[in-house]
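The structure that follows is given in the form of structure tokens.
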């Protein structure tokens, strides 16, 4: 009824209300850009409904954070900053979300959280000067400034570094937090894969603060197991689906092979812009952009699963986790088999998985049972077992153009492990 | 379009079509009676939406079985008998489903499956002679007869004893079968507890027959973990919810204390009829019926959880699993504390849980991976871990009228373990 | 987190919180009894999922009323009384909800609202003295008294007679109110008929108070059309489904034919109790109870639809709306065709439909468009058109035992219209 | 189980199976391109979940058409061609679906159906020669050729011109067809606006063929009203939402102002490509692309609703429906108010609405009632009333850059109507 609030319809949470600070933030270019960053990179190539974006996820996490703040009876100030951190936590994401993050890590020792921080502190700009001529809306940095929001505090929450009030950081960064709660239901809704359909209400109901930390009452143990299991199943069936992964590797390779590519420049782009950019460069970049457009993907030519590895191969895989060595091996393949540059990609996914989502191996959630506090593992054997599940089907995979598949397949063992 | 088929709207599976044999079976009194047998006993006292009945579950399992038969490309005959067995598998259920089953087991060494079998073989009747005057529809026994259906085969499938075609029995009786698939989603829908919202489509898609048995392809491992986890969470949060259990124990006690009660007579009744019968008997039976009507339940006065048990108490609990010893102890309580008969009930739930749902401890599902067949446990550590979860919160619970709670609470340890 | 609140899981609205007054009301016997009053009478005979009860609907309307109160920024006191009225508005319902209401109307010139009022004022009791021995929970009357709630005000809201604050009464009694909003979604959910799946969020968002009355902003016109259409479609396909209606008519006839039946006594009963009572009476009452148990219903032997009526038959139908004349005609049939008493029932549904749900013909909802207030009909031609839809398929229907169908069918025209 | 079939998970219809012809079509570049054509143009700027694409809609309509073919018991050949036509019916869509269609219509007297036909006949190519170097998959034209599918027949079904078998064309082109059924549920799902949640099952169940035409049995009247109402409500609240419309008008204007723009070239592009193209052109095109990226939209400066129009203004509006006159008036505004070119846009939406969706005014659906066939309008007054609803809020709207709003607002009446 208030003209100074706005309601946005979200298929997951229903109507989401924005007012005050948040009415301004929703207009900020950093937030609006998220309309064109797909939440799940190339998952739509396998799950055609998965075109949802970081914008709606950001709205959802904002909404969940506000709800958690109410459940935990946080004061007005804390509610505002946790909601604000939730809203902004993904603004540093590059095109296709996590797809290109390892390049950023490799070249600049940075990740999307670092970029988020830079944007919050006004040390980086998400758009070009030329764009700025047409866009008068203040940036996130300016809005926070005008509202006297402590930017350091927002950034600390996003990083999970809130020593004095650990619960604030944990709401957004812990083995089970509102970020995950939103993405599980949301990704489940848009992919149609039911695994992520967790019981959010029960999770919220059992949330509490204990000794300055987020904890869950004993009644919530089932809700936690539900979330941990859901997350793991979504990882193996959606996020690390073989075909989705192949498309991501192809895009990354096209970027890597650009001479003197500046990761900061690429990270500003939207999904559409990076594809357009590749296309305009011709050559291998044009090829990849065209293949992605028409879903003509590389094929799996060689694969190793964990159970088939001996000690020696394990060592090789460890070495392959280093990007340089991996790239060297790829060139070795290309030379020996006479393949055009970029047409062979080696994938050793575990390392990146853990980098991208360290929460997947964590189960140390404090459980409050009457007057004692124990760990989740004291209440159920399932949490630990879940962390031991293998997520991608493969520990090592080599992909290539279909026409080279046979030749790569035949020679892979030899080239890799000798 | 065919006048000889009928469509029934199910909120879970949409329109369910019935024709031929099934058009007659739906009219049979044994099936129609299931309209008044609640699927989840007294769960509606905690989850007010849970009034769904064995009738719609039976329709659902029929539908799922037909779908599985199609997926497995069974021939017309096999499809008909598995669908028929699915439709009939619950007709032997007594009032409030599993609530009174332990009495049947104790007194007649029989369970609802034995009654189902007797009904199929025409050795038992679900209704009284007087009722029969008004009901001309043929019984299940007669219909099967008319259609020349091999009743032994139907009964074998329901029992899971199909040696020559093990997959038929397994479709309805195995660690993961269509019965469970239907009840998980259905119970989830009506209770509003999301845990049971499994990914049915993926389960069906990965189902296959291997070496005469139901198996699942490697792609289906996640779907199986999803189902096993969902089932376990539904057990701890819904089926063995403390308050639901208390209501069930109260009803059972009221039946047990009837002199010369004939379990066969009680098992014919509907939910409404058994409550009406209790009320007409006066005394303790009247009290219990009235309390259940207005939800004035007994209270938990004493409880032991697994982690707090020493060896000695463990032995006592083992002994308490014998109904006679349990009843003896209850009388001891009543005498010592001067309580009216029936007002104290001792519950040791594990034993009954395993009797009612032995599938909960099973994970031996064959997984087909290319050309080899292994067990589910070779692919994931989660399945086994799930079977180790504690389901009810309590290993031992004593309930009583609220006004005796304190006195029972104080004396329980002494009376039970000395 | 507060030990003095309780959360109930509703499949429609999620977790519903109760505290203070409402924690006591939920324990009241008048409310608990609603666990055994089916929301849709016999609809489960056609839609097997439709076993939901007045209890969950009451919780739902309570929840919707609280939400509306927040949206309208009512003060604490008004929020409490509208929520309270919403919670209690259906406690006077007899077994099978509306099924027997016309008998009450005929014999005592009362309806379920009058009984609700009597219960609120403590002038009537929902349970027997004998039951009361076992039930210590205070009645609704006592609870309201203890909390100093103005019972007259509650009753006025339920009746829609709140002259000074018309919006309060209208929230629960107007062409589009929270009672309907809840029952449409709820009935849709449990029957599986999607027609009732209205856009509740938009309705709430556009709700406002104008000139002491409930109104809707122009943006909400679509939401209103959506609700009006949904209601009408649910009436024709669910509430007035032919088979559902037949079961209701059979039950009503069984009650009518009891000598010296006291409607007050019947109205206290639950669904289960009235069926049990009929069974214990033998004869026609036993027959009907048994038929309903096994779904052996009367058949349609004769029917007239609106479009086929001439002026003369219209007059007859008008006369048939009087219960006495209808009963006379039924006896005439029985005598002439030599049918046993009670085996022929004439139905002229429109009259009862309007009595039971007068809101179905109302479209006078004030719409606020900038500064002017107009009627819904000024914005859309659809609302009026919806009120002109025929709801039941028949204007007149005669039902009878299948074996008399032909004879009734042949003679109906003559007996009725001559 | 068959290696020659493939299953795609759709959040709406669940698993959709493809085999034979359809396994090849899904790989065709014309189909794959639809991954990047948003179903609802710019609706995501208002409903952030609405990023779904023509690809999943095409799969959905294919699925619905197959289901209808089964319900109607069409033979194998007819089932294949109706499913094929359904799958291909949207391949001619340009970027952002309907957004630019009026330009095509204006400049080439063609629409997306004409382009679809050209593609089917191999007279047009959806991709550039350079792209083709990397894409070996055969085009739709080649696939149909290889399978000996009569391309004329497919095209006739898509156009609804199937004289000999009118039902085939009508399944895809009639007042209520499978195209609409899919888009209503799908758009409802992704926008979160519940209006489109129609009862599909009932619609299919009542579908039949009568006298060579698609008809619906009397039981289906409610389902039809439900669909017609849903469609109309989705039009007014989503498809013709003011803000969505503004974004569409801005894009169209940017295209119109390109010198010597070739609509065929633009129609080949994807959503991403057309935005990229605009950006690369600089000037007004750059501005619009940037504004759309950051959601800095033009504002409504002037508006007329139907009810406020006198005869004279009506005539002006009729004239404004001609694109040339509209453009002339826009230039008049620019000149008089000294605005930069392209910064004023006049919208008279009705004309385009009817062009884009003529089905919205149609209600002539044959209803089969026993042996007679009548029109839907004989059974319900609602269908006709729905066609009389006003869909856009405005009959005339002028939009402009926020900074010119006041000046345009003040002068509009004078410039337009004098």
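Letters A, B, C and D mark the chains in the order given here, with residues in each chain numbered from 1 onward.
Rule of thumb we're sticking to: a contact is a pair of C-beta atoms (placed from the backbone, for glycine too) under 8 Å apart; a residue touches a chain by one contact, two chains touch by 3 or more.
This structure is a prediction, so every number in the text was calculated from the model and none was measured.
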Checklist line | Partner chains that chain A and chain C have in common | finding: B, D
Check: Any idea if chain B and chain C meet via the same residues, over half in common, or different ones?
Finding: same
Check: More contacting C-beta pairs: A-B or B-D?
Finding: A-B
Margin query: Nearest whole angstrom, what separates the Cα centre of chain B from the Cα centre of chain C?
Written below: 34
Note to self: I'd like to verify one number: the distance from the centre of chain B to the centre of chain D, where each centre is the average of its C-alpha atoms, in whole angstrom.
What the structure shows: 50
Notebook entry, point to check: Counting in whole Å, what is the centre-to-centre distance of chain A and chain B, each centre being its mean C-alpha position?
Noted result: 42
Note to self: Two or more other chains touching the same residue: where does that happen in chain D?
What the structure shows: 9, 14, 193
Check: What residues of chain D sit close enough to touch chain B in their complex?
Finding: 1, 7, 9, 14-15, 71-73, 201, 205, 208
Notebook entry, point to check: How about chain A: which of its residues touch chain D in the complex?
Noted result: 8-12, 14, 27, 29, 32-33, 35-36, 44-45, 47-49, 51-53, 55-56, 59, 127, 130-131, 134-137, 189-193, 270-273, 275-276, 286-287, 290-291, 293-296
Item checked: Contact set on chain D toward chain C in their complex -> 193-195, 197-200, 202, 222, 225-226, 229, 233, 236-237, 380-382, 384-386, 388-390
